[in-house]
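All remarks here apply to the structure that follows.
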Amino acid sequence: MHEPRHQFHENLRALEAQALDGLDLVIQQLDRSLESISYQDVELAGMVVADDDRIDGRYLEVHQGILSLLARQAPVAGDLRIVAALLHVIRCVERMGDQCVNIAKLVPLSGYEAPKDKDILDAIERMGRLARSQVSQAKQAFAGRNTELAQDLVRQDMEINRLNREIFRRAVEVGDNLDLREWAMFMILVARCLERIGDNTVDIAEQTVFVVTGLFREFADASNPPETARTP
Amino acid sequence: MIPPETTSKEQTDMSTGGHSERSQSPLQASASPPPANKTGHGVTVKNLNAYYGSQRSIKDVTIDFPPNEVTAIIGPSGSGKSTVVRCINRMHEEIPGARAEGQVLLDELDVYGDGVDVTAVRRLIGMVFQKPNPFPTMSIFDNVAAGLRLTGTKSSDLRHLVERSLHSVGLWDEVKDRLNEPGIGLSGGQQQRLCIARTVAIEPEVILMDEPASALDPISTLKIEELIDELKERYTIVIVTHNMQQAARVANTTVFMLDGEVIEHDATSKMFTNPTDERTERYVTGKFG
Amino acid sequence: MSAVSTSLPEISPRRRRTDKVMRASLLVATLIALVPLVLIIYFLIKEGLSAWSGSFFSTDPNGNFFGNPGGVRSAILGTLEMIALATLIAVPIGIGVALYLVEYGKQSAFANLVRYFIDVMTGVPSIVFGLFIYISLVINHVGNVSFAGWKGSVAVSLLMLPVVARAAEVVLQLVPDSLREAALALGAPRWRVVSRVVLPTALPGLVTGSLLAVARGMGETAPLLFTAGATFIASANLNQQMNSLPVQIFTDIASPRSAVVARAWGAALALVTIILLLNLIARFVSRRSRMA
């Protein structure tokens, strides 16, 4: 005999899996958009833009699922926190997807055979790898209700922020070549997108802590430097 | 293609702390200031033990019911929640072989003290039951007046008091033209409101409700809940309910009981968003019951 | 999707037969039970109705060997008077006992003992009550008389008491506990709960039960023989011998005079009619209360 409300908890688990699997889609999109930046692959970039529909579709599905669950099951306590957190999480997934699209849209604009600065490109690739690992870790933290892993995301995010600043500095010093300068400007925008992706993973980390402890504390991130917000 | 600005988030502490905080939770939209002058009467149950014969059904229970608030007691069947409430107005001892030990303080007065008149206690602590029980041989008017007549209070003002009672439960307009018709001719929801009118007619200080809406249809249930919300302005209310959503809607604080003991006692919003005890969490999310 | 409609198995012929046999045998049993009832009523009416006349109800029996034997006025009056007094004794006490058992005694040892005794009393033959009163009140000339109407009332009341108590207990137990709880929770002392809530609610049932006890008491001959005695004259004085319908029938039926025998049948019909009327009133009252 199943425990009472078995069906409800099954549905909740399925909804969570659906939302978190969206993060896998984000990783896919991220990989491809970064590849298209590195190799100036306009076709690949086009695919990234088109595939964002999948992420948007998932957002709508999860959103509908949450509304349905709220209306019909009246979740409380831990269940309620999970449902509320999933709303945030799927929103983050959708935003991250949008950031990937933004990156991809910069590819044709930055020119077909534009000159590149190796240092900047390296930094972008490092940022990309970091962002990717953050997304993966965010999924792991939330699914495993692991507050330590969630906490750790803040540390990683600080590295992304540092790289962002470094790219900006490099871009400013890049020299007089007009084409190069233009390309560097676009790279600043790409870095910004990646930095935003990092911020979203920190959001997911905050939601993880909320689900586990019932407390919502803002982690240190770009808008909230570590000196002013002491994480618990 | 500038990505949108990330908005800054307000820091929200969703936990509202222990039940010592009487003010409203930040989650509630309307932040009405607490009333300045509470003329209400609080009840405190202290170290209460209740027995059916030799079997102890309530184990050393201590609960504080704040004045002019609604406190709900939830828990699975057999948790002792109805017994606690029946000990407050000393109805428990009407069952053959049943007894209670401990203190029940109405303000400073111990209801179980020596020489205390049980019937006087019950005039101060009224009770509404699960199944509406208007007196079948009496008219609507007589039912409301029954409390006054049964307690020997001769009142030339009976008509006025009955009218006032019926107004306070929102029944006046529905019955004002048929006060002499039998009380049992009303619908279930109306009958329950009639019983509440009967209880408030003698102007108690506390109203105990033992699953008052569980025998009613959903619309009547909501009307009763609204009534409870209004009544708490003048009375202290304790409600036993097995319907958690009802407790969530109606009560300021909630007590969770299990096997005759109090497991958790906290602001309702905390109890249903972030309970402290694992057993409470499992009960309210329906993992057992 | 296959379209198989719901179908039910057929009733077997064996079951049909069993059904019919069952119905037939129950019908036969009912008819057998009805036959004596119908015969009694038939004989009562056939033999008794002819004796009814104006003088039947307005004159007393006169014990004459010749001529008009008289009517049964004193018997009817006597029955009514004695039963009235018996009711006055048995009903309040019977209801009182029932109230004690239901409201206070409940399941205590003493209460169960009382219940047992009441059950025993319902089984005691009515003649024993008559003898008891004879030995205790009649022989000792209590009240300066031997046989008296009131002593007959006492004997009949003893008979009625357990009937009233039993019926009242059932009716009082039917009053839902929730009503008592409601009254107690309002702060009423228990006696007020009983008088203002329990009794009024049980009233129709109590009336019915009492009327049935009265009907029972009316028909008893044996106790009256030893206590009220027999006389011809009508009187309102209960402290002397009093006539009654059962006793009148008893003495008349042995008479060699056919007119007197006819009078006995008439009296029997009258008695049955009175009892029938009481039963109808009891039914009417209980139906009224059920519709309320």
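Per-chain numbering from 1; labels A, B and C assigned in written order.
One rule holds in what follows: a contact is a pair of C-beta atoms (placed from the backbone, for glycine too) under 8 Å apart; a residue touches a chain by one contact, two chains touch by 3 or more.
Not measured: the values here are computed from a predicted model.
Student: Please identify which chain has its centre, taken as the mean of its CA atoms, farthest from the centre of chain C.
Tutor: Most distant chain from chain C: A.
Student: Which chain is most central here if centres come from C-alpha coordinates alone?
Tutor: B
Student: Suppose each chain is reduced to the average of its Cα coordinates; what separation in Å results between chain B and chain C?
Tutor: 50
Student: Find the geometric centre of each of chain A and chain B from their Cα atoms only, then give the gap between the two centres in Å, rounded to an integer.
Tutor: The separation of the two C-alpha centroids amounts to 49 Å.
Student: If you average the CA atoms of chain A and of chain C, how many Å lie between those two points?
Tutor: Distance between chain centres, rounded to whole Å: 92 Å.
Student: Please name which positions on chain C make contact with chain B in the complex.
Tutor: Residue list for chain C touching chain B: 106-107, 176, 178-179, 181-189, 192-193, 196-197, 200-201, 203, 292.
Student: Under the definition above, what is the set of chain B residues touching chain A in their complex?
Tutor: 1-3, 6, 8-9, 11-15, 244-245, 248, 271-275, 280-281, 284-289
Student: Quick one: in the complex, what on chain A touches chain B?
Tutor: 3-5, 8-9, 74-81, 98-99, 102, 105-106, 189, 192-193, 196, 199, 210, 213-218, 222-223
Student: Could you list, by residue number, the parts of chain B that touch chain C in their complex?
Tutor: On the chain B side, the touching residues are 89, 91, 94, 96, 119-123, 126-127, 129, 131, 133, 135-137, 146-147, 149-152, 182, 195, 198-199, 202.
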